[in-house]
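Letters are used for the chains, namely A, B, C and D, taken in the order the chains are written, and counting of residues starts over at 1 for each.
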Amino acid sequence: MNKVVKNVYEAIDGIADNMTLMVGGFGLCGIPENSILALSKTKIKGLCCISNNAGVDDFGLGLLLKNKQIRKMISSYVGENAEFERQLLSGELEVELNPQGTLAERIRAGGAGIPAFFVPAGYGTEVAEGKEVREFDGKMHLMETALKADFAIVKAWKGDTLGNLIYKYTANNFNEVMATAGKITIAEVEELVPAGELDPNSIHTPGIYVQRIFKGENYEKRIEQITIKLS
Amino acid sequence: MNKVVKNVYEAIDGIADNMTLMVGGFGLCGIPENSILALSKTKIKGLCCISNNAGVDDFGLGLLLKNKQIRKMISSYVGENAEFERQLLSGELEVELNPQGTLAERIRAGGAGIPAFFVPAGYGTEVAEGKEVREFDGKMHLMETALKADFAIVKAWKGDTLGNLIYKYTANNFNEVMATAGKITIAEVEELVPAGELDPNSIHTPGIYVQRIFKGENYEKRIEQITIKLS
Amino acid sequence: MALDKNQIAQRIAQEIKDGDYVNLGIGIPTLVANYIPSNVNVILQSENGLLGIGPFPTDDKVDADLINAGKQTITYVKGAAFFDSSRSFAMIRGGHVDLTILGAFEVSEKGDIASWKVPGKMVKGMGGAMDLVSSAKNIIVAMQHTNKGQSKILKNCTLPLTGVSCVKKIVTDIAVLEVTENGFKLLERAPGVTVEEIINSTEGKLIIEGEIPEMKF
Amino acid sequence: MALDKNQIAQRIAQEIKDGDYVNLGIGIPTLVANYIPSNVNVILQSENGLLGIGPFPTDDKVDADLINAGKQTITYVKGAAFFDSSRSFAMIRGGHVDLTILGAFEVSEKGDIASWKVPGKMVKGMGGAMDLVSSAKNIIVAMQHTNKGQSKILKNCTLPLTGVSCVKKIVTDIAVLEVTENGFKLLERAPGVTVEEIINSTEGKLIIEGEIPEMKF
């Protein structure tokens, strides 16, 4: 059971044209920087990326957009990226927008063997188009379906050699849920420790979900909006 | 925001005849001993208890069964209780058996605002009777519906004054998920600490789910099957 | 005098009760946190995975791993809890958040809200707004009453909807309105704003019963 | 010679591959853990909320908060993780557990399994068995081939089902069988048991191709 890979290139080995990837992070917070950067240096194209956001022009998934490696995004909010807008308007890029909670739950369902479920979000809006509508307890709901990916790529704070992961603060966001829904899940971590060093009561992602793990390097951790209190 | 109650009687105040309760625990592991004992000293009857198991004759929910306070059990396994068997055969007690994972997921759905979802468990068995069947990806699934309760009663290892909870080892089991699905959730804990003392990255049940919390007393923590290694 | 953004936030802060769990949207709603009285204990939920948002950090406490749903750096309070997005929206969808405060382009007299998409403009996405409005126990909208003279308090929304029949109360720059089965009930006027001005600025059905008090701050 | 329970467990242990995540049911399956070679790294899942079951505890290490799905006291290994029941079954239902080993009363040639209910006897419940059999990638059943002379390897199950078309392999006291589209394929015989004895003990369609080897231990 050897999940620890040598470097990021070994980690992303097998990702190929037209695959579906899940990529963790919310905005630029908690994104798998090393893996995205490495992917941007490959010729892989036609990717469908499931990610809450699409990065900014020169960081995060923006790097893959710039290279035209992404064919389709499944996201909830994609507003911080001029190249994204250009490709969308020109028809080069396909976008499927999901309510954020529906997106998260579809991913959970994918990992949890639940092919479909009902939620109230989006009823009466354009999100409902083409979806089954059903009333429960006097309230209208949409049927939503599970999302899975060929690869899920997540970033954690601490990980162990068996693939157990712990996320820090709001850098968890989509990482924990996406880790459950990849056929292969790649985890890059800030700290890689031997099995047994993490508190077994505090594991966010049990190792069963992680097939490959490595210690990432040179985390930039760019902040979109630094807001401070003048005190 | 004062969630800390004086004692177990204040905690269970408002529980009334014919209500639906969720009661955490797996077997006798992680059961809310204080609350069950206190309920057994009341005249409350006609309860519907959602609990994976039904305790043993003289402990856990067995105490309420003995007093004939329970009208119906929704469980996955109820095998360790002779009084239970007697009441079931005599028709005094109604039992709805759910596959354990379906039971857990129905409770999660109740807490998560998902009225219904599809699972493969039980297809082709008597569990499927009366349920909608649908094929997804070539596999047959049953539609299962959410479970909620008037009160959910859980037992945690550590809790803080804002209701944040941490469970120990396998004493988590149904407690964490049930805490999300009670209109009122009561938490009894072994250790009650001021807000801020628990690691915010390691909270199992965020305080939003807990309306009442107290420090339990005299935990017996009975073990059903002590198995040891002779070494 | 129409209220400025901070005053709208200040008025909305009065709606918050001790012990409430509250989700504040981006923009004016974020400002509401500045006006919650110190004797009112409130826990703020951030849909990216935090219960217990604290004030903005001082310079030395900025942490890239600690942001709110508006992607601003924040801190957390004692007794906070972090969790992933699926659990965050399970909390929201399950109705555990007492109050959601968010902005809007338009609200209809049925309580429909349009807040995410303007035809002809770049679509950024709905983020968590559709989840929040479809599930919150109580929804208060912070918005401008009009835009370039056009009412945004409408019979029917003209823009793509975020949710239907969900808004309970609206605080605009000139009025506080309650969404009722029969239309918008006028509850309060901004200081110095007349009932007639509000009538003229409101396209949807407005219900005016008795004397309408001025907002108090 | 028919195998005893420990020998059945020992034979099943040969099916486990290095790196497998395995769920062991109550009874014979629990014994399988005793026969996993030390060079095969396996992580055992307990559906009550643990990945990484360790050996039974020594007397001084018994902890009421640490039990397996059979309610026996256990320990956990280095690198273990605990979680609640909804997450445990999300893991199982999502197909993340590589191998499930469980007992059965009956198995049919279509791979149906009956393991939880005997009419006329007290119904204890299905526990997690229905979830496990409906979702596991690979299911091996440990059972007796016959009961009081009656075959339990059947054309159709006679008892209430636990799941349909799910069992992949069966290890009984006299044979190893694979469930195929055309029936039970006989893979191995217990040492000293003849093919004819297996034929006589099997009601379901049995496929016998070529020489059938004896099990090796």
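Quick note on the criterion: a contact is a pair of C-beta atoms (placed from the backbone, for glycine too) under 8 Å apart; a residue touches a chain by one contact, two chains touch by 3 or more.
Values in this document were obtained by computation on a predicted structure and should not be read as measured data.
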Smallest count of steps, each to a touching chain, taking chain A to chain B: 1
Centroid comparison with chain C (C-alpha atoms), farthest chain: D
Interface with more contacting C-beta pairs, comparing B-C to B-D: B-D
Euclidean distance of C-alpha centroids - chain B vs chain C, Å: 36
Geometric centre distance via CA averages, chain D-chain C, whole Å: 55
Centre-of-Cα separation between chain C and chain A, whole angstrom: 28
Set of chain C residues in contact with two or more other chains: 76, 82-83, 89-90, 92-93, 135
Residues of chain A touching at least two other chains: 105, 108, 112-114, 119-120, 167-169, 200-201
Complete list of chain pairs which touch one another: A-B, A-C, A-D, B-C, B-D
Residues of chain A defined as touching chain C within the complex: 26-30, 52, 75-79, 85, 88-89, 95, 97, 99-105, 107-108, 119-127, 157, 167-177, 204, 221-229, 231
Chain B residues within the chain A interface of the complex: 105, 109, 112-120, 134, 136-137, 139, 141, 145, 166-169, 199-202
Chain B residues touching chain C - in the complex, by the definition given at the top: 1, 108, 110-114, 160-162, 164, 180, 194-196, 198, 200-201, 203, 206-209
Chain D residues touching chain B - in the complex, by the definition given at the top: 46-50, 55-59, 62-68, 70-74, 76, 82-86, 88-90, 92-93, 112, 122-131, 134-135, 160-165
Chain C residues within the chain B interface of the complex: 18-19, 21, 41, 43, 45, 51-52, 76, 78-83, 89-97, 135
